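What follows is a short report on a single structure.
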Amino acid sequence: MISTLITGLVLGGTYALVAMGLTLQYGISRIMNLAYGEILIFAAFAAFLLFSTFGINPILGLGIVLPAAFACGYLIYGVMMQPLVTRSKKTGTLEVDSILATFGLLFVIQGIMLVTFGSNYTSYNFLNTGINVLGANVAANRLLAFALAIIIGATLFFVLTRTRWGTTIRAIAVNPDAAPLVGIDVNRTARFAFALGTMLAASGGVMISMYQTFNASMGVVFTMKALVIVIMGGLGNLMGALIAGLLLGVVETLVATYVDPGLTLAATYCLFLVVLLWKPAGLFGKAAGR
Amino acid sequence: MTRTILGLMLAILGLAALAWMPTQLGAYGVGLLLGMTGYVALASAWALFSGPTRYVSLATVAFFGIGAYTVAVLSETLPYWAVLLVAAVIGLAVALIVGLATLRLAGVYFVIFTFGLAELIRQLVTWYEVNVTGTLGRYIFLPITAEQIYWQLLAVAAGTIAIGWLISRSRLGLALKVIGDDETVAGHTGINIAGVKLALFAVSATIITLVGAIQAPRWTYVEPAIVFNPTISFLTLIMALLGGANRLWGPALGAIPLFLLFEWLSANFPNHYSIILGLLFIAIVFVVPRGVLAGIEDGWARLKRRGEAA
Amino acid sequence: MLETQNLSLRYGRHLALNGINISIAEGETVVILGANGAGKSSLLKAIAGLQKPEPGSVLTLDGTTILGTKPHLIPEAGIALVPEGRGVFGDLTVEENLLLGANPRRARTSEAERHGLIYDLFPRLAERRSQLVRTMSGGEQQMVAIGRALMSNPRFLMLDEPSLGLAPIVVTELFGALKRVKQTGVGLLLVEQNVSISLSISDRGYLMEAGRITGENSAEALKTDPAVQQAFLGGAAA
Amino acid sequence: QDRTSVKIGYAISKTGANAGGAGITTLPNYQLWVHDVNEAGGLELPDGTRLPIEVVEYDDRSASEEVVRAVERLATQDQVDFILPPWGTGFNLAVAPLFDRFGYPQLAVSAVTDKAPEFVERWKKSFWLLGGGHDYTEALAQILNDQKAAGTINNDVAVISVADGFGIDLITAARQSFADGGLNIVYDVTYPVGTTDFTPMLNEAAASGADTFVAFSYPPDTFALTQQAQVAQYNPKVLYMGVGVGFPVYQANNGDKIEGIMSLGGIDPNNVAVMDYRARHTDFIGQAPDWWGSVVTYASLQMLQEAIRRQGLDREAVSQELSTGTFETVLGETKLEDNQLRTLWLGGQWQDGVFVAVAPADREGAVAPRLPKAPWPAQ
Amino acid sequence: MTSLLDIQNLRKQFGGLTAVNDVSFSIAEGETVALLGPNGSGKTTVLNMISGALAPTSGVIALSGEHIAGLAPNRIAHKGVARTFQLVRILPSLSVAENVIAALAFRPNHLWGRAAEERAEELLAEVGLGGRGGEHANDLTYIDQKRMELARALAAEPRLLLLDEWLSGLNPTELRTGIDLITALGQRGMTVLLVEHIMEAVRALCSRTVVMNVGTKIADGPTADVLADPAVISAYLGEGHA
């Protein structure tokens, strides 16, 4: 039982890691980023390339991939999203616009990956050694992802809720119109949050590349999983994403062990639906409001 | 009044022309028409509910798949019309249950809920087939030609747009707009929000189910991964939004060009399809901000103003 | 000195402000009176950088132009606005809203002290430090908005109908508090429908009509001005 | 006739969920074959003239509606001379009525189905070249029974399968074959497509005490299972997995840890034609072919090529020829029985870096399996 | 006079906070009553419970003897309760006329089509928006939006009209027009419960006043008496207003 729980938590760590960037992007920058998973996969390819071609191990690779991802996110927001955000002040169509625009972005990134990396399944082995945690054999790479999720989650949560800077970030999510009144540069802050989200997506991608097979078409799977977790946790709530991710991991493992592996996905979606029916704004969401 | 009658006659004429088209086209042309009409029907049905209420649903494929799967299961045992009927009834029943359950959700919570729902249904169907019937794929050997499928879809699409037209002129249409603007106000003005939403969701879902059922015989082989493919939900949504989900002809005007664009790109640029499509998409969002139809209207208004000025 | 010259603002074809000339000195309290739709709020927004004035407009702080300054830099310059409709951060707590008020760098040094001051002014806020502002009553939210603006250590504080929706006793307290704020040397630019009480704390007043300034006088004189009596104090004040 | 080329069309999943599979087994072989043929001056016709191949290709985006329409387009719009089949069981079935209606022979390779005889009845010009689930599971049962008789393994088998056409077909067949062979299935679960964590299943399988672990899995699952079995230090004496074991990336990633792992397919390492094909493939595509379907795909194209040489571009005649003729391909002498390829390698094992065929054991070129599989190297 | 609205021991709890605590009062048919109280004393919450926007934690709300507590807003609306909101709520994508028709079309004896359009125009004229039905609701000034909201409430032909600070934000001239408008409603026999902070308006309009403080009722009686009550002065009006 303990070992099942641990296996589940470690799996959940991956989910949480993947979801946290999205909750920043959607919860704070208000960009429903359908290309999120593609960015993640792109980072996975980057890590793979660094490892297989230049022999740079993925952990060091983070040092290259993350800043690059941050820069990309910064650029994407500046070039693509900012005009939409500005426009939406008049039209109020940011949600629809961002869905459509990032849907386009999804195709672009996917297309670039198809052209450069092909459509084949890619995977490599790194840190695929068992580590005994309280009786459960856990792969070191997954454990690392779990640790990273917890560290990122806790740090960001602390920063967002306990510091002035974090509060400014949340403020733009709550009421971007009023933010300038307290000296917040909404554009810059939203852009920063978006870039940070992109960076988290990339860190998820690098981690996942160490133990999961991926290919250029797989991004959507991650986007949707991340969305489910983000929504289940409560929009824009990092702690929510972390806990929802872990919860899904544990439930999936429990169902696979004690019920039927055929029902794991059914169980996670079921859990998700039940949570929403019980708390329409997610586990940690503020009461519903559009 | 005369304008309405004129419009009606034009619509009937147009419909007749569309129905006659397959006789002039080869199999590929019919296939193209069929696919296009299918998406026009899906996008229009989707917009019936999601357009005015702004409840963006990703459950399209859940109902589409239910329709297709019903046909796959029953095609050997029941006459075709009865199969369609059963499919519609199942779709309606599921829609009512889902509708009742989701009434409390709003915004993106609803969006992702519906996505989760579609996935759950797919997982459950898969699990059922694997564990209970012990097969996964099912075969549909119905003697239905592509032309026949096209005609049925055409009827459904026309019906959907007609329903949309009727609703937009009725109190129900106004109720939907009010709900889309402000649910609190809607409640206080005496609108039965739950009832309206449920009714519309059910109508929309039933039509989508029918589209799935009608299209199924085209594939011969049906399995959950094929008929519950989430891409269908996304495409429907994108088409409707692009055309303008709040207008009667918006979804159709989004579906047709987009469908043809997909087709043209995949035929001419099979290797750079994604990149070009993506860039086009982004460009469209920037150039026609409020949907194609609104864009056309804006352009038309500008032309007219210029004409008046001249 | 905060000053506008020939300030004009356009919404599409509608000219909402038409060549406005006003000024407020440090420590001075000035009220703008005008009917609904006269353009009072538009004026405050233009000064706060939230709306872009027409070319040819002049807006200066101590003689240097602040026209075209990005809106988020305006509080940094020492101008704070309590907007119409409050503009609070509904999903944040009272405490967090106040914390954000002190976001401009100029406010950081005296932050703790100001915190205390504001809780003294509005004891209700002290009781509800960790309540989400969205769940507070209308009046409570207004207190948060004013408190937040004061947190930024402004030299000029602009208030757009601060008494709107406040209980009489709170209005009295609020204006008492504004008087104290004024005494600390802050210049107040006030837009109010509650004319008598706002004139009672003001030094000067402007009359505004359809986007133009149509009159200016000392508060004392305005109180007795028959035109003002007629338009704003009316028989109802009697 | 002023014909300057032979038009050959295909719709394939270049994007979407199926792209991973199609991009290994099918598309590279189409490309290689076209290259080979055109390099040699084109397709040879009965009169000895050669016409180059002109390719019309579409991306079906992994959607059945798309593949159906693309084939219609190829047949009626582009009016190609021959159409090559798409990737996947479902898609091959989806387009079968169209191939039939428009009179094109369908050389379905990447489709494993026990219903092939039925389909041949229904669609006379369809050919099924990768066998059915039963073929593979009976071969596997045979190997296991041999090992059991030799005392290498016990009677118990743990099986997991992916809840998709392929997995279900095979597990259904396996239940029957294993029961017939007297084997006892002690753990039997099906997992959904997209599962990434197999730890619970591996733990349960280990706990079941079975010496044999079988996974009718898809490539991502196969890769994950391999990694996770090592982490869990799960060492069944027979480790048999599904699609992906024969992929080049599998070998690249796992090095010599793959030694002893079994799967479907395999090759005869002494078959020069196959080894030559592999070398050319690696050379031209930039990556090696897989060890199961690839070579069959290429062989099917060679059959088509030869049938055209004998019968010209008359599709009716070509189909007839494919049905009845005997062809020399990279698989050696190849002849279809009842429109199906029966001389297949049904089971293989990694031995010294080559995925050799071990079943059917009585076929010439088969290698003896090396069992039990050695435990994973210590970490 | 029979009582139209009867409230007994009404209570609303938000988590640990008791926003409304055992409040009871009733309103007779045709009366115009003010509900006063400091900010956050629970006035809006009471209106929300009467109109169905919130379900009471406990207590009774009866309309002509019929219990309505906890019913959905649309059911309560159909029983004859209409309201305006403290912060105006317009239907931004609709025209001014459609905003009003929205209420006409969904009241029990609903109007639709021509009849609805005509009636909407009448109602708009009544609140001073005559001839402006074609404009976009979004383009109206704040005060005009408030007018439109009142027309929408009146369109439901309510027996009980709830006005939440409908007069706030008006300048003195406009205030007078507003007061006249509500007086006219009262004279037509409509029952009105209004929440206001403008004492002038309360004095001019309401014969009776209920005062709340921190969720409890602290006074109830003729307006003049209540406004002179020391408890009300110290909690709400302040010394200057006495």
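A, B, C, D and E are the chain letters, set down in written order, and residue numbers restart from 1 in every chain.
Definition applied: a contact is a pair of C-beta atoms (placed from the backbone, for glycine too) under 8 Å apart; a residue touches a chain by one contact, two chains touch by 3 or more.
A quick note: this is a predicted structure, and the numbers were derived from the prediction, not measured.
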| item | value |
| --- | --- |
| Per Cα centroids, the chain farthest from subunit B | C |
| Chain separated most widely from subunit A, comparing mean CA positions | E |
| Comparison of B-E and A-D (more C-beta pairs in contact) | A-D |
| Between subunit C and subunit E, centroid-to-centroid distance (C-alpha), Å | 29 |
| Between subunit D and subunit B, distance of the C-alpha-averaged centres to the nearest whole Å | 37 |
| Geometric centre distance via CA averages, subunit E-subunit D, whole Å | 75 |
| Junction residues of subunit B, two or more chains touched | 123, 126-127, 130-131, 271, 273-274 |
| Residue list for subunit A, restricted to those that touch at least two other chains | 110, 114, 260, 262, 265-266 |
| Junction residues of subunit D, two or more chains touched | 14-17, 62, 163, 190, 192 |
| Chain pairs that touch, as defined at the top of this document | A-B, A-C, A-D, B-D, B-E, C-E |
| Contact set on subunit C toward subunit E in their complex | 34-37, 84-85, 124, 135-140, 142-143, 161, 164-173, 193, 195, 231-237 |
| Complex interface listing, subunit C residues touching subunit A | 48-50, 70-76, 80-81, 83, 87-92, 96, 99-105, 132, 134, 148-149, 152 |
| Contact footprint of subunit A on subunit D as seen in their complex | 13-17, 19-20, 22-24, 62, 160, 163, 189-192, 194-197, 199-201, 203-204, 219-220, 223-224, 227-228, 230-233, 244, 247, 249, 253-254, 287, 379 |
| Touching residues (chain side subunit B, partner subunit D) in the complex | 26-32, 35, 38, 123, 126-127, 129-131, 134-137, 139, 141, 146, 215, 218-221, 223, 225-226, 229, 231, 263, 266-267, 270-271, 273-274 |
| Complex contact set, residues of subunit D against subunit B | 14-17, 57-59, 61-66, 68-70, 72-73, 75-77, 89-90, 93-94, 96-98, 101-102, 122, 163-165, 167-169, 172, 190, 192-193 |
